[in-house]
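Across the two complexes that follow, chain A remains constant while its partner is chain B and subsequently chain C.
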Partner chain A sequence: MIEEPFAAGNSIIHQIDPRFRVAAATFYSFAVALCYEFQPLIVALTVSLVSVLLSGVGLKTVLKRLAIVNVFILLFWIVLPLTYKGNNVYSLGPVNVYLAGIILAAKITLKSNAILMVLISFIATMTFATLGHSLSRLRIPEKLVFLLMITYRYIFVIQQEYQKIIRSIKIRGFKPKTTLHTYKTFAYVIGMLLIRASERADRVYNAMRCRGFNGKYYSLTDFQADAKSWVFVTVVSGATLGILLMEVIFNG
Partner chain B sequence: MVKNQKIIKMSGISFSYSEESPILKDLDFEFFKGDKIGIIAPNGSGKTTLFHLMMGLLKPTSGSVEIFGKPMETEQDFADIRHRVGLLFQDADDQLFCPTVLEDVAFGPLNMGKSKKEAIEISKRTLDFLGLSDFENRITFKLSGGEKKLVSLATVLSMEPEVLLLDEPLTGLDTKTRSTITRALTEMNISYIIISHNIEFLEATTSKTVTMRDGKIYADQQVHVHIHDHAHVHGNVPHKH
Partner chain C sequence: MHISEGILSGPVLFSGAALAAAGTAVGLKQLDYDRIARTGILSAAFFVASLIHVPLGPTSVHLILNGIVGLLLGWCAFPAILIALLLQALFFQFGGLTTLGINTIVMALPAVICYYLFSPFIKNNNVTTIIAAYACGFLCVFFSAVIMGGALIFTEENFMEISMLVIISNLPVMIIEGFITTFCILFLKKVQPSLITK
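Now for the complex of A and B:
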């Protein structure tokens, strides 16, 4: 199951109009992604850290999420210092380690974590449904939003179908080995899953037609753009512009 | 409006999914306003198929369908009447697709052009009616099987249809929820066809049952065992039924 552990809560961030949070997170993330110098990146990381603290989400869960991404980033730390050639070379026994590679890996780490933390505190603090509605209010094409919502809904159904099939082969004593029988069984499982998913898609479309679906998706939520939300975007935009300004200054 | 207005008329309907085995053969069926019909027939006899043909989700290989006196020929013909005929699917997972219960129940009314406020009002009223008032913000796919079935019924009722086609509304429901549905059906002044394997339920909610055999519909000739067990308050006192 995909959980939404951060969505429940009543922090300052939770109270901000979701549309403003989505817009602010997008603007901020793009800006941080553009930065290249250490100074603005370190400021960005600090800003992100503050926003996570403000959103009152469990730090342990946040760290767990960050850890998953940082495992991938670890690959950069292994590959880049060995391959990203620059002037400063250190010899560690038989291998050459390049300073430029280390610096690049460090910057990627700062950038990714800053962006991720802001997404957790601004976006993961709303339910997926609210996110969908915010996107449609921000004039993202209806078809895209609808696709997103339906995908989210049916990931669970497909996952359940998958578990049903797996359960049914398990209770009949199937154990994966490197035999032709195993490969054949897996091929059946995948084939079955595809067929069931596409049949279900047909049936869902039928159900939608029965209820008068005509290609338009309506959202029920009304959002409140209150003073707090305006203060919030102003502060985030200010911080973002500050970070961009630092980038320009330090980049010479 | 004329009493005994004909709602559904199917004549000479044949249908098959594949070449070899026809599911329905030259079937005739008429359904009038005020009718409450139960269909009780073996698995695989084509009950669900029949409902889907009525809604235009499947096209008959031959024969004609008339709904509310209009011949149904194109997809548009069916699209125009679908909001007046509420189909409850056999599998509730097919019916619910919005993230939250309220949105799903409001989906039909919104499509029918109701304002957001009206749609929310109707949806809340419908959920209340089915005893689901605190379900509004529940996530549809995190509901239990029985809860899904009830919410599915709410999504159909919120369109305020004139006719209900209920495909096994009781499967997976406990006794309490069953009686909620029985009560809801008897309270509403509405025409319906119910597919069910539960004789007691059909006896409580319908005025006539039919069965399906060899791709056709027959009046149900079987004499039903009338299950008769109520609490005997009058224990030893002589009494009449």
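Now for the complex of A and C:
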């Protein structure tokens, strides 16, 4: 159910210092989010596509992930052409289709896919543990990083607890339907999950205290910014600035 | 419940991020090191529980549970939800970096509001608890849908119809969340009251 399919690998992108990847992905994503013209968006989509290819992740998995997100965007393709008032109107029988709506839906699709592909190629290519360590090096508050790590650490444990409970209700003949009984059962499952989590939390905290926990999570990872990382960050910043420049030119 | 990448305008994204940062700062300030392991493990439990799909007629919906998150965690709902969203972005690519702030606001702000509105009534007798818990579950999702609709309208006036669609389509989720929250809170009150009264 929960896995990190892109984290393993040894491509050019995987070798870049994770801190640089996080910073570059953030800068690039926000820049693309600010664009509204077709020309910069198409360039952005191309750049993102190249980065996915460079990261060597399974294209099939990438497409599957993108397909799920694009189902949400489909809603805009259905609603916007019918409701987005503009000058160019085409009548399809009784309904009016507005060109402005179609254009906006197309722009949203380009933008969304460009941003997501960079998320996949730059950030999903590191494990969550690495992300946590690199965030703490990027001056994200210590407490938040700690919370992040401990949540990540226990998701898989809690998931096993959840599967245990689900197995036991299945053995007792539970079949989910649209009934109050089903909702009650799920509510109790969640309640039980919370109780077990809370009891585990007490045990974990005591164990941490016994081992001298003093509010810090030490990271042994030593990040090395080599020449490759600097080249990477220069190229991405260049591309980002280029995209922003195009937006300014074509929007003006 | 979240907004996909590439839809909202710059000002909405940036103000969402700023508000989320402020909320998270308050949450972190209240979170001392004695409770951090507990909050982390509970938010892991919420993350797993939010993957549950409950049947609704021929389809199914997944739970949001921000009502219970608010009741149990208070302001710590902000960092907990922020982390859950980051995990979702990484594991499933639902939502991403630019929408992280606004999506945190969409889910965590109602949780904190409902915490203040309803947690005083949860400790009372059963009838008040039932009403308060149902309202908490229902309204929390409702507020989320309204904030999400607002973010869309602030981006573009022509998103009016989409916003309405968001709110109306979440109506069944609100009803189900109401029931789940009620049963769950009654269960916790019976089995481990210390979880709620803390």
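Throughout what follows, the second predicted complex is superposed on the first by the 242 of 252 C-alpha atoms of A that agree within 3 Å, B and C clash if a C-alpha of one lies under 4 Å from a C-alpha of the other, contacts with A are read in each partner's own complex, and residues count from 1 in each chain.
Throughout what follows, a residue touches a chain if its C-beta (ideal position, glycine included) is under 8 Å from a C-beta of that chain, and two chains touch if they have at least 3 such contacts.
The shown structure was predicted, so the numbers you read here are calculated from the model rather than taken from an experiment.
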- Query: So, on chain A, is it clash or fit between chain B and chain C?
  - Reply: fit
- Task: Return first, second, both or neither, reflecting whether A:143 touches chain B, chain C, both chains, or no partner chain.
- Result: second
- Message: Per the contact definition in the header, classify A:20: touching chain B only (first), chain C only (second), both, or neither.
- Response: neither
- Have a look at where A:212 lands relative to chain B and chain C in the superposition and call it first, second, both or neither. first
- Query: If you stack the two complexes on chain A, which partner ends up touching A:180: first (chain B), second (chain C), both, or neither?
  - Reply: second
- Task: Specify the partner with more touching residues on chain A, choosing between chain B and chain C.
- Result: C
- Now for A:232: first (chain B), second (chain C), both, or neither, which partner does it touch? neither
- Message: After the superposition on A, what does A:79 contact: first (chain B), second (chain C), both or neither?
- Response: second
- Message: So in the superposed three-chain picture, is A:129 touching just chain B, just chain C, both, or none of them (first/second/both/neither)?
- Response: first
- Message: After the superposition on A, what does A:152 contact: first (chain B), second (chain C), both or neither?
- Response: both
- Superposition result for chain B with chain C: lowest C-alpha separation, Å, rounded to 9
- chain A residues where the chain B and chain C footprints coincide 128, 149-150, 152-154, 157, 200, 204, 208, 213
- Task: Would you tell me which residues of chain C are touching chain A in their complex?
- Result: 4-8, 10, 13, 24, 28, 31, 33-34, 36-45, 47-49, 51-52, 54-57, 63, 65, 68, 72, 79-80, 82-84, 86-87, 89-94, 96-98, 156, 158, 160-162, 165, 176, 179-184, 187-188, 191-192, 195
- Message: Under the definition above, what is the set of chain B residues touching chain A in their complex?
- Response: 52, 55, 57, 79, 82-83, 86-87, 89, 91, 93-95, 97-100, 102-103, 106-108, 110-112, 116, 119-120, 139-141, 155-156, 159
- chain A residues within the chain B interface of the complex: 127-129, 132, 149-150, 152-154, 156-157, 200, 203-204, 206-214, 216, 218-220, 222
- Message: Could you list, by residue number, the parts of chain A that touch chain C in their complex?
- Response: 1-4, 25-26, 29-30, 32-34, 65-66, 68-69, 72-73, 75-76, 79-80, 82-85, 101, 104, 108-116, 119-120, 123-124, 128, 131, 141, 143-144, 146-155, 157-159, 162, 176-178, 180, 182-184, 186-198, 200-202, 204-205, 208, 213, 215
